[in-house]
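Structures incoming, each one as structure tokens.
In what comes next, subunit A is part of two complexes: it sits with subunit B in the first one and with subunit C in the second one.
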Partner chain A sequence: MSSLLGTISIAMGALEAQQAGLATTSNNIANLNTPGYTREQPILQEADPIINNGITYGQGVTLQGIESLRDSILQLQIDSETQQQGQAQAYVNAMSQAQTLFPDDTSGIGQQISNFFQSLNSLSTDPSNLALRQSVLSAAGSMASAFNGTANGLSAVRSSLDQNVQQAVGEVNQITQQIAGLNAQIAGVSSGSQGYGSFLDQRDNLVQKLSGLIDVSVINNGTSITLTTKQGAALVAGNQSFALSTALDPASGVQHIYSQGTDITSEISSGQLGGFLQARDQTLPAMQAQLDSLAGGLVQALNTANAKGFDLNGNAGGNLFSPVSGAGAAASMTVAITDPSLLAASSDGTTGSNGNLTNLSAVANQAVSNGMTPTGAYGNLVFQVGTAVSGGNTELDASNTMLTQLQQQQASVSGVSLDEEASNLMLYQRGYQAAAEAISAVDQMMQTIIQMPGANT
Partner chain B sequence: MSAMIESPSGPFPPDAQELVLLETLKELLTAAIRSLSRGEPKELVELSRNISATADEVAATESSLCRLPLTPAAQQQRQKLLAELRQQRSFCRAMLRRWRRSILLRRRLLDLATGTATYSEALEARWSGRE
Partner chain C sequence: MMISPYLTQIELNAINTADQAEQTALLQLTTGKRVNVDSDDPSAAAGEVSTSSQSGDCDQFLRSIASISTELQTADSALSSGVTALQQAISLGVEGANGTMSQDDRNALASQVQSISQQMMSVANTSYNGKYVFAGTADSQPPYVVAAGVVTYQGNDSVNQVEIEAGQSIAVNQPGSQLFSAAGASVFQSLSDLVTALQSSSSTTDDISNATNEVRAAYDQLNSARTFYGSTLDQLNASQDFLNSEQLQLTQQTSNLVGVDMNQAATNLANAETARNAALQATASIGNLSLFNYLGTQASGG
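Showing the complex of A and B:
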């Protein structure tokens, strides 16, 4: 039979267990609105019974520890989607900046091309009129400036992305260092203790933050986690973090990302870095190349047409624009002549002839870049940047929606429900009161025994 | 004279019939987007069947439209609807891609946890070319 002292011990154990329940519930309620907090609950277990004279006596309850209610697979899904979201967000931001360089108003290349050909049409009514000739040169200058401005703008967006890449790599290094530190802290804390869940929450939050920056694979090694990029470049192993570095790549002129001496730039496809790199190394260079092709083709076609005619002095026409081709053509496009009389409007050398203006105007309908007319090629560029932004926005919307769904699922597992906590609070309170009553009852029984006649003799 | 298409509510000229169908398609896609956004897949099977059937009807109507010039107003409305439908379709595709990825990831991880799968392509890719 169990002794009175044994019964007190059982009741004390119960008090401790109910108190832990109350403390855990209070902690849950306190963190109701804490982002990333994972609900905790005490793990209570029936104590091993004792057998005395063939009779089994229960020994109450033991507090095994406190566990966090988390779904690690769901967390991995959230991390994975966060990578997609980071990529889409960074890409959309970059391409939205580029989109402002291709306006539909009077400042855009398309409008300037139209203005230039319009000025040629005006000149055809009075080919020897110097004011009209000057208008053609001014329109040519505006068109060249529009090409220069757009090309320089694209380069500026790329430069800004280059800085973003360096900044993001710095953030990655800070976070991986913090995660390595937490790995060490978690290894030193017992998994049942109350601080344990808090460390796990912090680490989960940091991994999610890291996922927003770079593609990450998480390998769970019990208490510790190992982080690598999707292609296997080490980021964190136990309490050690592996910093990424950036260095200027002489061939491309942009910053490349290195992991322990290996260039991993082309391996990064998601997270903000993935978006920055996709815009910087793929989409924008392709657009720059098309713009250069358009500039080079247009300059060549106009120079060829101008060379077919004669200027106001009866001399054969020279270059209207300084010849440009290949990379940098759009940025360096300039008008080659400043004297309006040098415009070769005449087809026969007479001042009243406007015959060669037909050749110059015909360039508007000529294939100058990738089989497209000047306005067609420019329209294609506008369409491409518009499609990139709209496609990126669709991906971003889908990622945001998906993340909301996953976070709702996570909240149903790990989130704090006030109703549930209130009910738990009452349960633990009643349990605590009952255990205290049991102690009080045993105490009274002991008092009775002590006060029994002959008990003190 | 325009060819007429019989419908339950009476004959429609083909261009009007096409616009009605495109509007129906838009409503169906809106419902699909709602289901996808709320994470409620139950209605999707039926919606998908209806979307497919309506898209077939649109295609059939379009083939008869090839011979008929559209009025400018109908042309404008058609362009607007088609642009909206393209956007809706892109979003649905993006969401379905994510659902699929999410389900596959969960399944693969659960298989790994229960020992029915030994590994994944991701790990192979991770270590390939590094040995």
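Showing the complex of A and C:
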């Protein structure tokens, strides 16, 4: 049979449980706006009953601990989508910078190529006119500067990406170190305690942050997690983190990323680093190569045409531009002559002939780079950079939408709702009041027994 | 469903989306362009590179046409006065072939023909902007020079071509060798022969008529060769009209490629503003909703 004292102990257990509930609720409310906070709830369990003379007496409630309401599968999906988003965002940012170097209308290389050929047409109306010849040289100079400026701009975008890569690797190392530290702390805390949940929240937060930076694979070993890149380079194992390092790659002239001595640059495909690397190592070099091919092809074609004619002094034409080819052609394009009389406009050596200007003008319609005319090749670059940005934007939008949906799902599992907390607060408060009432009732009953006549005899 | 911490995120997303739509519509309205960066429509942007270049070419062709037209007109009017002068020489020859004329009268006619020859010399050596227009491409020096009484052509037979429409070039000069010193129709030789015939007392009226016929042949050659200038000027006018309409067409094409439908953009702007206001209002009203408000009221009431 149960005793009054037993009833008090049941009520005491209830008080403790309701207090834990109140504490959890107020912790939830306090963390309403904490990023990455996972809602907690007390784990209450019915205490083991006592069976006496065939009658089962309930023994109240016991507080098992406090649990966080997290969905680890959802968290993995969020991490994975965050990697996509980080990649797309970094790529779009980089290519948007490159895009400004390729305007489609009144400035830039396209306009300068067009101006140059127009200056040749103008000269053809009066081929010995020195002012018109000077205009051709000025237009050639502006065209070369436009190539130089665009090529330098592309290099600048690449080298700023190179710095971004180094910074991102630094951040990755900092985060993996923190995660290793949290792994150690989590191992030392029991799973029911309130601190446990907050450590897990911090760790989830860090893994998500890390996912924004680099490909991450998460392997959950119970309390501790192991992190590697998608291709298996170790980042964190238990309480140990493995720092990535960067070093200048002499062949490409950019920073490569190493994991314990192995070059993993080409393996990284997502997170900010993935985006930086895709722009730095693939898209931008391809555009640079096309720009160089256009510059080299144009210079060669114009020099060939100029050499077919005669200058104002009756001498055979020399180079109009300093010969350039291959990598760096666009950056180093320069006009070779400063004396306008050296322009070989004449086809027969007389000063009044404009016959060779026809050859020079014809370059506008010649295939000078990858089978394309100068303007066509430039238009193709405009198309490519535009497609890179708009494609990246489409991916980014899809990633953002997906991530928002996943975060809403997560919020519905792990988020704090003030409505729910308000009603919980009320429940725990009433529960506490009721348990206190029970103690007070037992107290009165015990008073009754103590004051019974003959109780002292 | 619990929506709490991300509720603000959802609201922010809605406001951001509306903001972006509003900014896009505003940018389109202010620039009048649908494609403001390459990524707005990469193939339209690449298309604009081409139309923009073609449009610049049209402008240049029009400038070139204006510049060569003046030169061609100068040449044409010089030739026109030359033709008139030769007609006069022919009349003088016909007059001189009249048997009733005295040698003195013929000598007077001869000196008039000589002065016509000098006039023709200055026509043949017409220059424009320091260039001799009838010298072929050897235009830095006078094409016709007199040495020991003989006129020689030191120009060449070359013709310059100027592109006046995309892919279409026309010749812009006629060398003197086809105008004044064509084989069998040389202006200066025929005039010199006429002077000789008129001055020589041994000349018969037939001799003078023959010499006059020589001048007539030179006249015919000059008159027919000079039609080149008239027809070239006509062609330049026609090209000018073509280029002007081409310009309009390119403007239309560019506008189709990258221009914005102003009505559409204005509607988009209005819609975006409505959406933004709605999102802001929703945020403002949702922000106050929580059970705590109602519990608080109850507690103080009870």
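The definition used in the following text is that the second predicted complex is superposed on the first by the 453 of 457 C-alpha atoms of A that agree within 3 Å, B and C clash if a C-alpha of one lies under 4 Å from a C-alpha of the other, contacts with A are read in each partner's own complex, and residues count from 1 in each chain.
In this section, contacts are C-beta pairs under 8 Å (C-beta built on N, C-alpha and C of every residue); 3 or more make two chains touch, one makes a residue touch a chain.
Since the model is a prediction, treat every value here as computed from it, not as a measurement.
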Partner chain(s) touched by A:S124 [first = subunit B, second = subunit C, both, neither]: second
First (subunit B), second (subunit C), both or neither touched by A:Q255: neither
Greater subunit A contact set [subunit C / subunit B]: C
Which of subunit B and subunit C A:N354 touches, first, second, both or neither: second
Subunit B versus subunit C as contact partner of A:Q84, first or second or both or neither: first
Partner chain(s) touched by A:S390 [first = subunit B, second = subunit C, both, neither]: both
Partner chain in contact with A:T25 - subunit B first, subunit C second, else both or neither: neither
First, second, both or neither for A:Q112, with subunit B first and subunit C second: neither
Partner chain in contact with A:S96 - subunit B first, subunit C second, else both or neither: second
Which superposed partner A:S399 touches (first subunit B, second subunit C, both, neither): first
Subunit B/subunit C common contact set on subunit A: 390, 408
Partner subunit B, residues of subunit A touching it in the complex: 73, 76-77, 80-81, 84, 217, 228, 230-232, 390-391, 394-395, 397-399, 401-402, 405-406, 408-409
Residue ranges of subunit C in contact with subunit A within the complex: 1-7, 9-10, 13, 35, 37-43, 45-50, 52-53, 56-57, 59-61, 63-64, 67-68, 71, 129, 131, 135-140, 156, 158, 160-163, 167, 169, 172, 258, 290-292, 295
Subunit B residues within the subunit A interface of the complex: 36-39, 87, 90-91, 94-95, 97-99, 101-102, 105-106, 109-110, 122, 125-127, 130
Of all residues in subunit A, those that touch subunit C in their complex: 32-33, 35, 37, 39, 96, 99-100, 102, 104-106, 110-111, 113-115, 117-118, 121-122, 124-129, 346, 348, 350-355, 358, 361, 365, 375-376, 378-380, 382-390, 393, 404, 407-408, 410-413, 415-420, 422-423, 426
